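Worksheet for the structure shown next.
First chain written, first letter: the chains are A, B, C and D, and each begins at residue 1.
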Amino acid sequence: MIIELKKGIGAERANQIAKENNAFLIEKTDKFVLISSSGQKTLDPKYNDETLATFVFDNDMQLSSRQYLNETRAVKIGNVTIGGNSKNTLLIAGPCSVESEAQIQESSALLKSLNLTTLRGGCYKPRTSPYSFQGLGLEGLKLLKKMNEEHGLTVITEVRDATHVQEVIEYSDVIQVGAKAMYDQGILRACAKTQKPVLIKRGFGTTLQEFVQCAEFVLSGGNENVVLCERGIRTFETKTRFTLDLCGVSYLKEHTNLPVVLDPSHAMGHAYGVPDLTRACIAMGIDGLLIEVHPTPKLAKSDASQQLNHEEFKALVKTLQPVAAAVGMNIV
Amino acid sequence: MIIELKKGIGAERANQIAKENNAFLIEKTDKFVLISSSGQKTLDPKYNDETLATFVFDNDMQLSSRQYLNETRAVKIGNVTIGGNSKNTLLIAGPCSVESEAQIQESSALLKSLNLTTLRGGCYKPRTSPYSFQGLGLEGLKLLKKMNEEHGLTVITEVRDATHVQEVIEYSDVIQVGAKAMYDQGILRACAKTQKPVLIKRGFGTTLQEFVQCAEFVLSGGNENVVLCERGIRTFETKTRFTLDLCGVSYLKEHTNLPVVLDPSHAMGHAYGVPDLTRACIAMGIDGLLIEVHPTPKLAKSDASQQLNHEEFKALVKTLQPVAAAVGMNIV
Amino acid sequence: MIIELKKGIGAERANQIAKENNAFLIEKTDKFVLISSSGQKTLDPKYNDETLATFVFDNDMQLSSRQYLNETRAVKIGNVTIGGNSKNTLLIAGPCSVESEAQIQESSALLKSLNLTTLRGGCYKPRTSPYSFQGLGLEGLKLLKKMNEEHGLTVITEVRDATHVQEVIEYSDVIQVGAKAMYDQGILRACAKTQKPVLIKRGFGTTLQEFVQCAEFVLSGGNENVVLCERGIRTFETKTRFTLDLCGVSYLKEHTNLPVVLDPSHAMGHAYGVPDLTRACIAMGIDGLLIEVHPTPKLAKSDASQQLNHEEFKALVKTLQPVAAAVGMNIV
Amino acid sequence: MIIELKKGIGAERANQIAKENNAFLIEKTDKFVLISSSGQKTLDPKYNDETLATFVFDNDMQLSSRQYLNETRAVKIGNVTIGGNSKNTLLIAGPCSVESEAQIQESSALLKSLNLTTLRGGCYKPRTSPYSFQGLGLEGLKLLKKMNEEHGLTVITEVRDATHVQEVIEYSDVIQVGAKAMYDQGILRACAKTQKPVLIKRGFGTTLQEFVQCAEFVLSGGNENVVLCERGIRTFETKTRFTLDLCGVSYLKEHTNLPVVLDPSHAMGHAYGVPDLTRACIAMGIDGLLIEVHPTPKLAKSDASQQLNHEEFKALVKTLQPVAAAVGMNIV
């Protein structure tokens, strides 16, 4: 149950009502919102005069639910809006890891030549092994910042763990919470305290319900600029790296009010499947894409097999607008 | 290793070579083909004069492999060709179960009004419970045959188990081997003895390797008209009925020479997701689709929640050709 | 809802009541039982005089449910009873495939030397590839029959598909419905028409609910001698062949009235893990075990890596009785 | 490849050799160890005079591998040793969450009455929803510390995220890295800097290879007191909360040198299955168990359904020693 209180109800009274109803209190700019997860289905009539609206529902979602807000929230990524009435599908691209200034300059030039606006690149890599390349860290963040300043590109990079969450919030335009970090309440609560957009990747073993609850940590903490990213779940099939869950995307589009971005590169794990999957994602009418592209994939320090090279990427981009147009969307 | 023997090598000698190499012998119209799964990598030079071609490969496929035949096989479904150079995406539609003549006449009329050619409908239902509706059986097959004769529709229906495989082969234009029956060698070997097209559905717990091996039972048994159908795999996610594995479809397109059909209705399990998923499948450039549509889904005797009604289906069909065109395909 | 009718109600009237309630009718020796899967929760009071007992429940089980029969059914395997009050854990052992008389004689001698009574061996192998060894077929069945006649061993072998179900029913003492065949209603219905014990293996992608429903096909068809066998499910983990689902076994023990047998050999896929897992299974207090043992595993024509050799098996057997005793059971 | 350098090689030279071989350098008390994940299989002969031992292997493990150290490492938990030659199975018990001093005193009294030494209790709960009880935090840690001081109990509690890792290291005797936090390199690296034992829970979507790599972060960082904990993986089966992976435990026992603890409570998710599963785990010959027990489970603020009450727990404990004895182990 979500209860919105009337304007003018003060913080003290709001707290009191929350306590009396065992509810979680959220202070918005102009009102107080209470969320009760107790299964309670009605509010005592004595609160009627103080209540603006009550949303009663059974599902596993609250602020992210279509029953609470029946539209896709608009989120601004740099100068581009996704969700809302935008009809935009934002194509985010770049290498798996930021490896050097030369490399990331090449990536930036590629994006500029294609009129793309948003550059991705990992600085803190959540590698399985402690003995592998772990990313450039702060040096990488500074290179991304430089790309933003020199080329006007919006940059997005991943928080791997809490040790560097403040740095990423400071340097990056969009904060990506990685698939292995998305249960981390410390990171989620830190992201709730900024107004920068937060892209949360679904863990590969994470149910849709748990995934959406991670967004609730950010939404309820004060940042409404949340984007969900499906990037493949782990199944019994091992011929591909993960299994891109487009049925799950249908569920998210139907039941949540959050924009949805897809990452076919990580799901597939092999460059050969990325073009077909990218087009399939666009035909779903989704809000954005994350595609890995590297000047020389074979030399990449991480995820070499799934990154497109620049020629492959250019060829792919040419084919996307017609698919988007066929479903009433626009590639930006 | 696949070894093609020269024309003119007689059956006796072919058998002898097969035996000497512990290989499986296939007699084609004009030649003998030997398949060795022993891991053997070369043929003794003494056979050189009798050998037309040798295909050595490491993967889990043989006749269905791109290394053996580097193109998509053409398969004729009624008057329509899929695969090959056809650029066709065949839209197969109809109710989950054939329930009555009135119902299947309505379905047929719907297809005709949309210029669609191929009608699906289950007669032997692989229901989980013995206490549920099990399908009309032979009566249903006869109704499908009638639709073929009255309306010229190509009909496809499922073999649930071996008790009725001969009936389905006799009455149906395309034989569908169901997801729960696809490991059944008795059924697969029976399908190998007809020349009618066989559409094999992937089991929901079946790896891509096992899936393709089922096709090998039919291909090696003498029927080359085999079509693969992905219809969702079982994962930890339960908000949707199954998880449509489009990464797996990318794998099949890259590594096999068989046409691929998709069934988003069963994967999703909820009508609301079917339109988006159908468009995503088409954007993959696949060879066909199976969509469930019922005059009054709420009254359906099986799979009520996932079937579109006729209005929803018509609205969907209107949106498909632009997506197909965007990827160079044609809806038929 | 299960409704038992009073003795003396004739077949005609029973049929009428079934029809009026849209229920499935089962004729037992001394009474009629009706099963309604319609969600109906009460019977019209007009039937009160004809009703012996009514079992109303919400779960996915009927005749196999603890709510219908709150005890483990006793099933006789040769001269040994499992389930009921027997406190027996039956150790079934033998090679993956019957390969030759010499081999199966060796296996029989091993069992006799250890006072074991029940020999397993596959004759129709559900191999993934059509190009692999497919089993000795009828010749293998005859060899098993010979072991029964010469050594008094109870023999169990697998039905792979419907082409040989009658042969297996004729030659084998216990009919095993394989993990890939367990959805096959033709096989299940054939098994319902014998009174020989039927051991149903859980498919590796099969939910517990579907698994138990397969047993319902046999139970409702007239054969109450049904045993469930858990043999590992398919998960994302590939270091082991499957994942033995002992949590699922706890569920089956709590909610069903059927004996449960475990097959750690197939679950693990590697001989090294079989001893520990066998002891774990026994400590669960289960009704039986299927263990693969081969005179020379390296030369086995199927599943070479998971079979114990005779020395390993003897060493294992020595350790089992103390574990069984610790949980109040007896290895037989 | 792991390379141990001879004693007396200085830090500078060790660093140089590491750099020349692109290897990760670990400084132990008495020697330097280099780990190369490059796939390199031999060391240049020029280093022969400086090399003590070289371990070349293909698997996914390094310091945790049986090929590097072919025994189970001994780890001291309070006054009790597990692993090594101890033959101990440590029974760790307590409530899911520390809720109040009264509750945790009751839990402590229970343990003392059963001569158990190690108390578990969560202070920072990794709840799915931000609107649920999140744990007592530091107040809970202080209560655990009090139990340690008053009753001499060894206490273990979970790190949920990096915001409180230092507090847990300070207050708890054993640091538990939770299933949702186990990929967190910040936490793992912090745990590497203490010498307190670290129990790492396997993520429910985590492969065995990834799981062991998490241990490598701690081992390579300087703390060798690492214990692995299997607590159920997420599969398609939903009748139980998770699926306890005992096949995986067999793999870990065979291939790693780390002690293994099991948590059947979380795997099962229902109290009814915990006794059977606990006995099964013990029969595997494992090093420890985590069992959830609560004075009044129905009132528990988290995981109410899976916690045993005190009477059930006492009844369970009575049955464990015979099972342990049957496999040569001792419950402590």
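Here is the rule we use: contacts are C-beta pairs under 8 Å (C-beta built on N, C-alpha and C of every residue); 3 or more make two chains touch, one makes a residue touch a chain.
Only a predicted model underlies this, so the values are computations on that prediction, with no experimental measurement involved.
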item	value
Chain labels contacting subunit B and also subunit C	A, D
Chain whose mean Cα position lies farthest from subunit C	A
Geometric centre distance via CA averages, subunit D-subunit A, whole Å	32
Distance from the mean Cα position of subunit D to that of subunit B, given in whole angstrom	48
Whole-Å separation of chain centres (CA-atom averages), subunit A against subunit B	37
Shared interface positions of subunit B, touching two or more other chains	205, 209, 234-236, 238
Touch list for subunit C against partner subunit A, complex	205, 234-236, 238
Contact footprint of subunit C on subunit B as seen in their complex	24, 35-37, 62, 126, 128-132, 134, 160-163, 180-181, 183-187, 203-206, 209-210, 213, 216-217, 220-221, 234
Subunit D to subunit C touching residues, read off their complex	205, 207-209, 232-233, 235-251, 253-254, 267-268, 270, 272-273, 276-277, 279-285, 319, 322-323, 325-327
